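In what comes next, chain A is part of two complexes: it sits with chain B in the first one and with chain C in the second one.
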Partner chain A sequence: MNTLFTLGAILVIIGGICDLFGAIGLLKFPNFYIRLHAATIGTIGGAAVPLFGVALLALSTNIPNKYAIAGASLITGIITLLAAPAGATALAYAAHKTNAVEWNPKTDHLKEARK
Partner chain B sequence: MKRLIGLLTILITVLGVACYVAQNLTPPENLHPLGEYYLENSYFGEHSAKSPEAVTSILWDYRGVDTLFETAVFFLAIIGSLTLFRLNKEQAEEAKQGEPKPQLPEPVVVVTKLTVAMILAVSASIALHGQLTPGGGFQGGSALAVAPLLVIAAYTKYALEKNGLDKTRAIIIRSIGLLGIALTALTPLLVSGYIMQNQPIFPAKALGVPLGGSLVLYNLFEYLAVGAGFTAVFLLLSIPEEKFKKFLGVRR
Partner chain C sequence: MSFGVVMLMRIILPLYVTAFILYTVRAIKGPTIPDIILAVDCMSFDIAAFMAILAVYFKSVYLISGAITLALWAYLLDIYIANHLTKKEVGA
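Then we have the complex of A and B:
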């Protein structure tokens, strides 16, 4: 097998590990903001990275329409890469602004910056 | 421990059912005669809609009148919600007053801009490829309506209105779409005496691309009408509650 295939397979495996850690974090983390971090691990590490891996895998083989598969995976990965952080930011902002969740920060950089 | 046993029982049951179903689920060997007729005639054959996508040709050609009435039901629902939110001129003007300032942090706003552009492109491709690939006017229009919804969420409804897409314009675009559907349905009446006839009145191909005759026109107009209809409803729904209570005269 060539380098592209190995690289793609490694990315897909990293995605699986990220998904597992994201799921464990979502169940075990104590409050909303840290759980949001776990959810983002699931979307970036667990969805965008393996999609890039799939693109590399498709390029390394000789299946029909391999460029279409690779391009679609790449674009879906990029869109996920853009949309997931924006969604997480919007959620965190809304939760912070409406004071909807409990929040006991050790350090509050936002408050320091606003002073 | 009890929960683990319950979980294991559910898991084993689901797996067992899945294995059982997968073994007994064989694809049917014989096509239904009606299905065979549609498959053979949607692109080739004498009673053809000249579209390789059998679903779209059934929807807008073989079963066209049915789809026309389905569309009418949807548009009556939109008319109903517009009537429910009816405002007079001053009230409509007051509902437009507001700060068109983004409500969310900078990264969300930037990503929204990119996403809106992508949604417009994808929804147009869903609608205009409806005669070639799965998709069509209603699906494309529903996807199109997500774009103004995103703008309303990330900016405000006032940003959408200041940039020229207010309720009146949305209703005008929707009416153009409906008029287009009606004209496309009635044109064959002048030529041959049948309503909603597709071939051979409308061209089957243009520049080598199969258009499916009237299918591409129906899809285009339905796309405009559905997208703009949803946009009008979203614009009305996003009027702040305080303003609406004032219009209705609700006492606090």
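Then we have the complex of A and C:
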């Protein structure tokens, strides 16, 4: 019982630190395509990992409806793990397709391949 | 065991509140539309995670249903904006 609480607390603290680093990167990075890396840290490390931690944390305590909280946290974590990369990929595809973001690459292999 | 949850909340709360403020700054001043959507997306997923932590802290089961809805809504916003940018129409 105590082991579950310690494991969940460690996962939640890792999630908070990853969330802070992702927010700093999203604010400081210069370009949209570079900010996608920081956004991945903020969603997968900052939302999916603490949701799995909350599932363990709710199982270790004796609050009412603890199994409902643990199961719903696990389902939300799996949804985040599947949905966040797909959404970021769709957004990057749309931004590259419509030239909505200005960027100055040194080499562009995609453009050379499409010639 | 409740003492442990209170101590955990005391560590977690400044990290998450600082991250929310930084995401809000990027969402307000983001130069293009994909930047704004990316910041709102990160904010939604993190509010979902923080709402699950609050459900354990306040011993309430009703906060969890909001977390699932927020996680689904952020994905829907991404897909709709991408479709609108490429095809100039909103639809699935």
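Structure notes:
Here is the rule we use: the second predicted complex is superposed on the first by the 102 of 115 C-alpha atoms of A that agree within 3 Å, B and C clash if a C-alpha of one lies under 4 Å from a C-alpha of the other, contacts with A are read in each partner's own complex, and residues count from 1 in each chain.
Criterion: a contact is a pair of C-beta atoms (placed from the backbone, for glycine too) under 8 Å apart; a residue touches a chain by one contact, two chains touch by 3 or more.
Note that this is a predicted model, so its numbers are computed, not measured.
For chain A, the partner with contacts to more residues, out of chain B and chain C, is C. Once the two complexes are overlaid on the shared chain, A:93 sits against chain B and chain C alike. Looking at the shared chain after the overlay, A:61 reaches chain C, while chain B stays out of its contact range. By the touch criterion stated above, A:85 is placed in contact with chain B alone, chain C being left untouched. Touching of chain A by both chain B and chain C, each in its own complex, is seen for residues 79, 83, 86, 90, 93. Chain C meets chain A in the complex at residues 1-2, 4-5, 8, 11-12, 15-16, 18-20, 22-23, 25-26, 32-35, 37-39, 41-42, 45-46, 48-49, 52-53, 55-56, 59, 61, 64-65, 67-68, 71-72, 74-75, 77-79, 81-83, 85-86.
Considering their complex, residues 79, 82-83, 85-86, 89-90, 93 of chain A touch chain B. Interface residues of chain A facing chain C in the complex, by the touch rule stated above, are 5, 9, 12-13, 15-17, 19-20, 22-24, 26-27, 32, 35-36, 39, 42-43, 46-48, 50-51, 54, 57-58, 60-65, 68-69, 72-73, 75-76, 79-80, 83-84, 86-88, 90-95, 97-98, 100-101. Residue ranges on chain B touching chain A, taken from their complex, read 104-105, 107-108, 110-112, 114-115, 118, 154.
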